[in-house]
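You will see two complexes here that share subunit A, one where it goes with subunit B and one where it goes with subunit C.
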Partner chain A sequence: MTGAGYALLLLPSVSHALLSEKVVKAEGISCKLIPTPREISTDCGIVLRFLKEDKKRLENVIEENGIDFKRIVVIQ
Partner chain B sequence: MSEIYNARGLPCPKPVLMAKNFLDEGKNDFSILVSGSDQAENVMKFAHSRKHSAEIVETNEGFRVSIGAPAPSMKHVEKSVQKQEKTISSPVVMTITSCEMGFGDKVLGEVLIRALFHTLTEMDESPDTIVFYNGGVRLTVEGSPVLEDLSALEKNGVELLVCGTCLGHFGLTDSLAVGRVSNMYAIAETLFSAGKLVTV
Partner chain C sequence: MSKGKKLTKALFNPIVTGTIIGVLAPLLVHFGNPPNMGICVACFERDMAGAMGLHRASVVQYFRPEIIGFVLGAFIAAIVWKEWKSRTGSAPLVRFSLGVFAMIGALVFLGCPWRALLRLAGGDLNAVIGLLGLAAGVVLGIGFLRRGFNLGRARPSMPATGLMLPVLLTAGLLLTVLVPKIGEGLAFFSSQQGPGSQHAPLLISLFIGILVGVFAQRSRFCTIGAIRDTLIIRDRRLLTGIIALVITAFATNLLLSVLTDATYFRLSFAAQPVAHSSYLWNFAGMVLAGLAFVLSGGCPGRQLFLSGEGDGDAAVFVLGMIAGAALAHNFGLAAIPDRIVEGSLITGGPALPGMVAVGLGIVFCLGVGFSCSGKYRRG
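Let's look at the complex of A and B:
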């Protein structure tokens, strides 16, 4: 339901989710905080959804800002 | 003889109150002049809820709502009734009274309410009506983090009622970006006719 064409950044907490949304948006990358889809389980119930074509850019931004994250899931 | 009453410039619930009083008195051929289209729609909706015919005509100085005798066979009334028929027995109504979901932590509450509206757009069963009042109206104005989801819900037929008094109180009347300005008559009727009332 989250839709093909998207990827999800899985994070350890809501604070991480908010921080990553802030820095990713500041880079002009379109994203949205959504509940973690049922089929994916994490410690945090919120993930950052973004277009999968922005994956590289997003990874760079997250790394540059030293934000801890669990993994990135690309929706097939 | 059709009587015309001037309610131009009167605040939000007054024109509806005027219509209510006239209908209670048994009048069934009169017009009410109002300044805004929202007010005109609210008066018309109220008349329809009493099964009276009503129509809006735009005039040079605002809008005229002409209310006639009960005429359930009239086309627009039928249409309105048909639209409501599906859910009239048990409409699901949701109330949003702040920009946060739950109490305890403001930041968490704001994230949760964004997650909630996203989820509503994906659910098979969405509410029939969402009523926004007090701090909840902030979610319906420009800059709201849930505008995209609310627009999607509205497109899918969810009615979004936004308290006009509340918008005015926060100075946000001109910033409304989604939903329809409503008054306490419509809001109270919606709440009390709900089959299921969901408060978050």
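Let's look at the complex of A and C:
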């Protein structure tokens, strides 16, 4: 379920991922925490997966809440 | 996805890694490692601390090639698949101290999470108590993750940072081979009796270590991550690897028991090899270890693999564990195994200093948990 149509928010820690899920869901954006795909990072942590059309909205929510994040990867 | 990539993805998954560990760990026992201790990251790092003279417990001193193999295997895999990345930067002293207390907890239980699973597969019921303690520690740690616990982000660093641990361990290995004894009464120390004297031939240990390192790096195998992912996001991918490890180790133990004269499976609490049946301290030791592992980001095996792929923070944790082993034995904190004296069972466990250290360790981890929570912002 990490295929085309999705994007992934990579974060510095599991705590960041848990908080991100909370604030993003509160804004009505559909998302799910999943294990970091090994093609994306060597991290054994978790990332937030969301629909790529929500990228701009999600970025705004994350920025507004001042949450530190690494990068957003759009699955091609 | 190309056929080659599909095959690689299928090969490097947690189930295959768990199976490899589950089969090879009992074989390492067959080749000479201590019973139910084919692989134990905590015990082996403790033995290495002893080999360097950081502690003088004469029965647990040997520069274990498996540990070096884990780091080198992960290093090789990370280089081959272009994942090697030198990085470091967050809370080194906190990570070091978490490593110290994780080791103290593990040595009160007498094993790391991997050995707990291998002990279970060998019929040691104390492992069930230890694993329950580990899960309790992980649950406690998850509570802090939900409160926003983090130790800050690692940043790219100069290559020397990421190379430090692989190079140091390789140098240590070469030294043990080329100059096994620096001088009379000097390192390297090597046990003449006890668990430290029991080891598989060096090349077998090193080869198996490298193999495990490659597979574990590629599959992100992590016992703590398995519990954490199951509880937080209901993802059981890593957990399947742990289950595979226990099942295959159990099957290999039974097979070895049939094919050889030795016993590889005995179901009991009392007098299991290099283990004690003091229930409370089996539980409490692993609560401490589990909590420290979650706060530091992974199990001791995972920290070795991360060190191999260039993670300086993980390397600091590893050094903390080695220092913790030295403290544990120099201050009498490690537990004593059960033993049979004149036909009577004498239950082992930690002495008072070990009990106090576990309490202090839990207080320390709780302090770290509270003080490092809620910092999400860019900075």
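Just so we're on the same page, the second predicted complex is superposed on the first by the 72 of 76 C-alpha atoms of A that agree within 3 Å, B and C clash if a C-alpha of one lies under 4 Å from a C-alpha of the other, contacts with A are read in each partner's own complex, and residues count from 1 in each chain.
Definition applied: a contact is a pair of C-beta atoms (placed from the backbone, for glycine too) under 8 Å apart; a residue touches a chain by one contact, two chains touch by 3 or more.
Fair warning: this is a prediction, and the values are worked out from it, not measured in the lab.
Enquirer: A:19 in the overlay: touching subunit B, subunit C, both, or neither? Say first, second, both or neither.
Expert: After superposition on chain A, A:19 lies in contact with subunit C alone.
Enquirer: Would you sort A:60 into first (subunit B), second (subunit C), both or neither based on which partner it touches?
Expert: neither
Enquirer: Looking at A:70, would you say it contacts subunit B, subunit C, both, or neither? Reply first, second, both or neither.
Expert: After superposition on chain A, A:70 lies in contact with subunit C alone.
Enquirer: Of subunit B and subunit C, which one touches more of subunit A's residues?
Expert: For subunit A, the partner with the higher number of touched residues is C.
Enquirer: Does the superposition put A:38 against subunit B (first), subunit C (second), both, or neither?
Expert: In the superposition, A:38 contacts subunit C only.
Enquirer: Who does A:30 touch here: subunit B (first), subunit C (second), both, or neither?
Expert: Touch partners of A:30: none, neither subunit B nor subunit C.
Enquirer: For subunit A, what residues appear in both contact lists, the one with subunit B and the one with subunit C?
Expert: On subunit A, the residues that contact subunit B in one structure and subunit C in the other are 14, 18, 33-35, 45-46.
Enquirer: Mind listing the subunit C positions that touch subunit A in their complex?
Expert: On the subunit C side, the touching residues are 12, 78, 83, 85, 144-153, 217-220, 222, 225, 228-229, 232-233, 235, 237-238, 297-298, 302, 306, 309, 373, 376-379.
Enquirer: Quick check: in the complex, which residue numbers of subunit B touch subunit A?
Expert: 107-108, 111, 114-115, 118-119, 122
Enquirer: For the complex, which residues does subunit A have touching subunit B?
Expert: Going through subunit A, the ones touching subunit B are 1, 14, 17-18, 32-35, 45-46.
Enquirer: Which residues of subunit A touch subunit C in the complex?
Expert: These residues of subunit A touch subunit C: 12-16, 18-19, 33-36, 38, 42-46, 65-68, 70.
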